[in-house]
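Every chain is named by a letter (A, B, C and D) in the order it is written, and numbering of its residues begins at 1.
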Amino acid sequence: MKFSIVVYAAPYSSEAAATAFNFTKTLLDQGHELYRLFFFGDGVHNANRLAVVAQDEVNLQQRWDQLITTHRLDAVVCVSSAIRRGLLDSQESERYELDAISVYGSSEIAGLGQLIDAVINSDRVVNFG
Amino acid sequence: MSCLHTISQSPSRQLLDTCASVLETGDAVIFIEDGIYYCNQKESLAEFKVEFQVYSLVEDMNARGMLKRNLIDAELVNYQQFVELCCEYDKVVSWF
Amino acid sequence: MNNASNKKTITFISRQAPYGRNNSRLCLDMALASAVFEQQVNYVFLDDGVLQLVKDQNAESINSKTIGNALETLGLYGINDVCVDKKSLSRRNLQPTDLIIDVKMVDRSAIGELIRQSDCVFNL
Amino acid sequence: MTNFLEIQDHRIALDKEGYLKDIQDWNEEIATALALLEQIRLSPSHWQILNLLRAFYKRHQMSPANRALSGLVKRKLGKDKGRSVYLMKLFSGSPAKMACKIAGLPKPDNCI
């Protein structure tokens, strides 16, 4: 079955970010297809590459990055949610004349069109917030 | 088209009330995160359960010390079964 | 839902009051994007969501944009199926005349039916 | 990397995509100059659209996507002008983007 997952929750603020991760990992382990992972609203923090977590705690952002990289997932961070929360890739960083890159390279910053495309092309869209 | 509803907030937020009012025959509810505290409610969901299947996510129950407090007798499922349920029902609506 | 038609019916259920949290804005943005990409959109105000429609909002006083004024653009984006839950409205002492845009008054069973008919539901 | 728009003795700051850095700077003279940078000579037909856009922004505090711009123009100025061909002729490529730039509306974040 072809899934898309939408995440609205930030890691460490809400369990929903971790639930989304566990759900996504499970569906991939079961051999289902993930059409797209979409980080929206506070959910964009899941793609932050500048977070530091105590050694005895789970670094959820890093786990997402590994999952996305290992499975070559299509992960999208909503641009309007991202830039106002300081999550930038090289392109947005240049566009707004800032000097940092704070999003993992495994995710792409793009618009809501990518979410609508996911709705059109997936069998199931599951939201976590 | 049948629908699986996820409820992830504690009963004090009353999400089940609203959710129940829009359910259709054949729909089901799964409690996750703080939603699992619905399982610890004295008022039984017996009547509700006649019409709708009720699930609860075992990982979230365990985390909260609620495995022995499944007073409403919800069907406990793990993440694998949660994913399977999402396939079984035609769509998933999340209440958070 | 399994047929890969390019036009889906997407229902947005907006359930939160404006300003306190940002969900009302996220919900609107998703719906407008769906309309831009030519999907069939239903928009439903439920529970505290109906408070977004109250007249005379002016969020300048809290350095925010006024959500009520943004909701007026739903029609321009071709989103004409806009519903309000009757019960949520009356529980908050509101009448249809208190609202900023024309909306369809519906009961819970109609909302259930909309969910049933949709390919995808966003509920926040 | 800041660009400037030179108007008489004033220098108006633009970002590198040619949007006003501060939308409070906007006036009609600046609009004319912004348009010229895009090889557009503003006519009364352009101004009709620009004024509509500014009124729309003032009321709704948002910049319309192309679909809403067409809808708005159709509603206010009639069917013919609401057609995207007409708007594209006036404001090239993506009319909403270009017209917003000239009308001094906030730079779109490319979300829709």
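Going forward, a residue touches a chain if its C-beta (ideal position, glycine included) is under 8 Å from a C-beta of that chain, and two chains touch if they have at least 3 such contacts.
Only a predicted model underlies this, so the values are computations on that prediction, with no experimental measurement involved.
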Subunit D and subunit C - chains in contact with each: A
Selected interface, A-B versus A-D, where C-beta contact pairs are more numerous: A-B
Subunit A and subunit D, separation of their C-alpha mean positions in angstrom: 33
Distance between chain centroids, defined by C-alpha means - subunit A, subunit C (Å): 25
Distance between the centres, which are taken as Cα means, of subunit D and subunit B, whole angstrom: 50
Where subunit B touches two or more other chains at once, by residue number: 91, 94, 96
Multi-partner residues of subunit A (at least 2 other chains): 8, 80, 111-113, 124-125, 127, 129
Touching two or more other chains - residue numbers and ranges from subunit C: 1, 29, 33, 36, 119-120, 123-124
Topology of the chain contact graph, where touching chains are joined (line, ring, star, complete, other): other
Complete list of chain pairs which touch one another: A-B, A-C, A-D, B-C, C-D
For the subunit A and subunit D complex, residues of the former touching the latter: 78-80, 83, 95-97, 111-113
Subunit B - residues contacting subunit C, complex: 1, 3, 18, 21-24, 90-91, 93-96
Contact set on subunit D toward subunit C in their complex: 59-62, 64-68, 71-72, 75, 111-112
Subunit B partner contacts - residues on subunit C that touch it in the complex: 1, 15, 46-47, 108-109, 111-113, 115-121, 123-124
Interfacial residue positions of subunit C with respect to subunit D in the complex: 29, 32-33, 35-36, 65-66, 69-70, 72-73, 75-78
